[in-house]
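Pasting the structures in now, so scroll down.
Shared between the two complexes below is chain A, which pairs with chain B and chain C, respectively.
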Partner chain A sequence: MITEKKKQTTLRRNSLGSYLRFMAMAFRINVKSVLEYRVNFMLQFFGMMLNNAAFAAFWAVLIERTGGVGGYGFADIMFVWGFVSSGFGLAHIVFGNIRGLSRIAIEGGLDVYLLQPKDPWLNLLASRTIVSAWGDFVYGFIIMLLLPGIGIERWLIFLSLLVPSALLFSAIFSAAESLCFFMGNSSSISSAISEFLLTFSLYPEGVHAGWYKWILYSLIPSAYIAFVPLHVFQSLSWPLVPLLWGIAIVYILLARLLFRQGLRRYESGNRMDARI
Partner chain B sequence: MSVIQVQQLSKQFRTRVSSQQKTAWLTKLFRPQYRSIDAVKQVSFSVEEGEVVAFLGPNGAGKSTTIKMLTGILQPSGGSSTVLGFDPAKQRRQLAWQIGSVFGQRSQLWFHLPPADSFRLLGAIYELEPSVLARRTAELVERFALQDYFDVAVRKLSLGQRIRCEIAASLLHKPRLLFLDEPTIGLDVVARREIRSLLSELNSVEKVTVFITSHDMGDIAKVCKRAIIIHHGEVVVDESMKDLKHRALAKKYVGVRYQEPVQFSTGGLQPLKATDRSASFEIDTRQHSLPELVRRLSGLGELEDITIEDEPLENVIADIYAARSEQAARNVTAGGRAKDAAAKSAGSGKEAAGADNGRTTGSGESQAAGGLS
Partner chain C sequence: MSTLRMRLRAAGAAAAIGLKDKLAYRINFGGTMLTYALFVFVFSRIWASSLGDSSIAGYNYSMMVWYFIVAEIPLFALGRFFWTLSRDMKSGQVAYQLSRPYDFVAYQFWERIGSALPDLLILMLEGLLIGLLLTGGFPPALAAVGPPDIAAASTGLAGTAAAATGVAAWLRLLFVPLSLLLSGIVNFYLQFALSMTAFWLEENEAFFWIFQKIALVVGTLLPIEFLPEAAQRIVVWTPFPYIAYAPARIMTAFELSGALRLIAGQLLWAVIGLALARLVFRAGSRKIAVNGG
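Right, the complex of A and B next:
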């Protein structure tokens, strides 16, 4: 009888609705936290957009001289840059701790999340937002506004693929950071994997030739973050949209699984800290 | 009804062995050597509902490790535990709904935001209805007197104010059991006193079972009804505060000051320190009669002042720690001798394996040595 009651309570709790409510509240709190320092927020926000715009100028000059790179024209490059920026930004806005997971775990900072009844992985990732990521996120929208001939359908594709892109970024970053459970200090390899993912995603598919191209469809899935979305965007291939969603969900579930496996090796710590 | 039941709970950590040899970096790279450290060794105890239990021990005794196993943060290496009917190692999240915790060195409040915002997020984490959250928050704000700084960013609060908020936050979801790990660490005397009285009130009003670790004997003496002392990962004392205080009562400190110089003659009891007009004595009431000593001292001359004090509780506990450390050291030495003898009898000229092991091996070997003696 008691066990049944316990089960019922558990089922009622931690429902999808409760997680959405928690995520919404965490997002609100995170935004409020970064807005405590408005000048810093504005500087990082516009600074990141300026940084991205500098690359756009670089590509404009290059494409003007070469006529195209790896089969991509200027508009293609700009879409990839804008889309990848927004996906990257969205991942870091909602899951601000994805690049800090290993540091937090090594310092014993997971205790706070393990003491709470929400999924510790989601709780940890959603407990922070990265200020400069807001600049990345908005940059993609500005690019879309500036690109010529973007109709409503292409806007819809852009919007519908942003979440899978953010999920893929989150999955790979989280998985790379979770290596710390198995390797101890894995910061070098984690940051290398993260850099690979971002760099490979920002260059045209045509420049990646040979066997390692398959890595971009598996271990470092830049293909699903940039190349396939560009194809969908160009050819309006709606059937590929749910496929990309499915792939992103598989990756994110695998990343969570890796974290959970690693969590068994967690040894806590006694460093003094605060939640920022 | 037991809310915590712990049986033979153990935790071992594996750590790399460092070597001073020149080629150590090479062997470390290809064949790293490890040794295990017993942080907690087969600890057993239980806590009843409504109790306030002090979990004491010196630094590195295994207090925090035990608490982390009881809250599901760490997986035990051996033994079992049940907390509120749940196995923390397997049912951590179910357990989390019913326990609260404050780890003095870790904050669950957002540093840049007021506690009010953290309470809102905690409300979402513990799935409290908005009306329930508002009512509970108001209740805690009043009880913990947080009104003046509930809307001030945590970074601007004093440590005492922050800890008050931390404890209040840990009670938001009405936990049945509260784990407090060094809650008064770094607090001044006034803040400590306030936290203690809040904890006592909490226990009596909300009937929350409290499991507390602290190095502050004031916390323990004022708040707790029972003390479990752990040392080198083992429970060495588990008794009521009354009994623990009784140990303190056995020893008295007597101070006397006379109007004129006197010659101290107290039947063989030597003063701790003395001048020609004053002296202080430490007396074990199980061996010497206190009234007899006072009578003798009164007879030595015209008394100006006399004081009789109990031994401070922290001295009693420090004596327990010291006694166990000495015993452990003796055991290690005896264990080392036994090991040497075994190595010699095996005809081995090499060092016995694990020669640089710390207390782990020492403790393990001590049992063998005990058997031999």
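Right, the complex of A and C next:
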């Protein structure tokens, strides 16, 4: 009887609603901590936008000279850069630890998450936000405002695809970081995978040769982060929106599975930490 | 011992410290090498797609690939002095170093350059390999670079002329590492001056970001010949073309007078950078306050 009661309590505690509340709470705390250092926040915010603007200048000059690259015109490139920046930014705002997972595991810092009642993977990822990611996130919206002829429907497509894009980034970054459980210090390979995903997503699909394009639809899913969303945006293909959501959910579940498999190999670091 | 000899010994010791520090953490550089290769590969695809058999502003596919290979080296190997300098300033490490019996600016210069040398060498070799794989040979101006043909040289006048052309091409190729080294010096002094603004401002990264992004657009991602004419006229008066454009231009479109002009420009900016770095440091170091510890 007591066991049954306990089970029910656990189920209630770990229902979807409770996780959403938990995520909202983690987000609020992260935002508060970021705003404690306002100058730093503004600096990183505008710094990241400046970084993206430098590449926009590069594309403007190049496309002025060539007329197009890999089948993309300037507006297409700008959409891809804006959309990918916002997705990448959203992933790092909500799951700020996605690229610090392996460092935390190697230093024995997972214990504190394992002892708390929430899912350790989600708890770990959501316990931090990256300040510069806010600049990335907002950059996409600025691009959308500046692009000519963007109606309400295209805005809706942009917004509806942001979450799958952020989930895909989170899934691949988290999976790459989880390799540390199997390989020890995997920082080089993890950062390479992350760099590959971002770089391949930011450049036109048409420049890539057929012999490795399949990788961009599977292991490094830049296609679902940039190429397919651009197609959806151009042709208003709403049926592809739920498909992209489905693909993103599969990737994120696989990433969580990989983390949980790796967690079995984790040994406590006997470190004293406290989370308040 | 003469002052000059003492200074040279101090410079050598500082460079050796930087070099040893770098070699102790050489695995870390694997990620940089991989990222560098990835960028070169992706941009080679962009140039293949946008240029095909044509050319823009005198640059064809092969030249653009070689241009990008060389232009990215200052960014990856010589472009990050600011962060360590700025970190030392903010952590207070600089207070310990100021009390030591050496010239602070010179010590920092030799230590950072010593630390950057292995990166520079590795990326040059990596770039050479990638460039040969992607384009199948050197750019036209350096096409004669190759192993000296001793057998041909012994066959007569024509053979000797061919061997001489090969040697001349090798000598021309040496301008590239020289220009890269000068690029590192310009880069160091300008970044040093920027990092020293931490004497006045706690958050000074914004200056570096602006510097880095202008350097990226002016000469790193694209040769300056690609920029609109008005922009070209302005940028030649700034140090930015002497960071990435100079070595990359020498590599892709070597021409002696042009190469000498670019090297002279780099030397000039190295001197201006040194003066600026010393000026900012002298003004800033008066503000330092050490409270025991």
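The definition used in the following text is that the second predicted complex is superposed on the first by the 269 of 276 C-alpha atoms of A that agree within 3 Å, B and C clash if a C-alpha of one lies under 4 Å from a C-alpha of the other, contacts with A are read in each partner's own complex, and residues count from 1 in each chain.
Just so it is clear, a contact is a pair of C-beta atoms (placed from the backbone, for glycine too) under 8 Å apart; a residue touches a chain by one contact, two chains touch by 3 or more.
Because the structure is a prediction, the values reported are computed rather than measured.
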*Classify the contacts of A:115 with the two partner chains as first (chain B alone), second (chain C alone), both, or neither.*
first
*Which holds for A:217: it touches chain B only (first), chain C only (second), both, or neither?*
neither
*Which partner does A:141 contact after superposing on A: first (chain B), second (chain C), both, neither?*
neither
*asked:* Once chain A of both complexes is superposed, is A:41 in touch with chain B (first), chain C (second), both, or neither?
replied: neither
*Regarding the shared-chain residue A:74, is it in contact with chain B (first), chain C (second), both, or neither?*
neither
_Overlap of the chain B and chain C footprints on chain A, listed as residue numbers_ = none
*Could you please specify the touching residues of chain A with respect to chain B in the complex?*
2, 6, 9-10, 13-14, 18, 21-22, 24-26, 29, 32-33, 36-37, 109-112, 114-119, 123, 264, 266-268, 270-276
_Interface residues, chain C side, partner chain A - complex_ = 27-28, 30-31, 34-35, 38-39, 42, 45-46, 48-51, 56-57, 202-203, 205-206, 209-210, 213-214, 216-217, 221-222, 226-228
*asked:* Going by the contact rule set out above, which residues of chain B touch chain A in the complex?
replied: 13, 64, 68, 71-75, 85, 92-94, 96-97, 99, 101, 103, 105-113, 117-118, 120-121, 123-127, 153-155
_With touch defined as at the start, can you tell me which chain A residues reach chain C in the complex?_
39-40, 43-44, 46-47, 50-51, 53-55, 57-58, 61-62, 65-66, 68-70, 187-188, 191-192, 195-196, 199-200, 203-204, 206-209
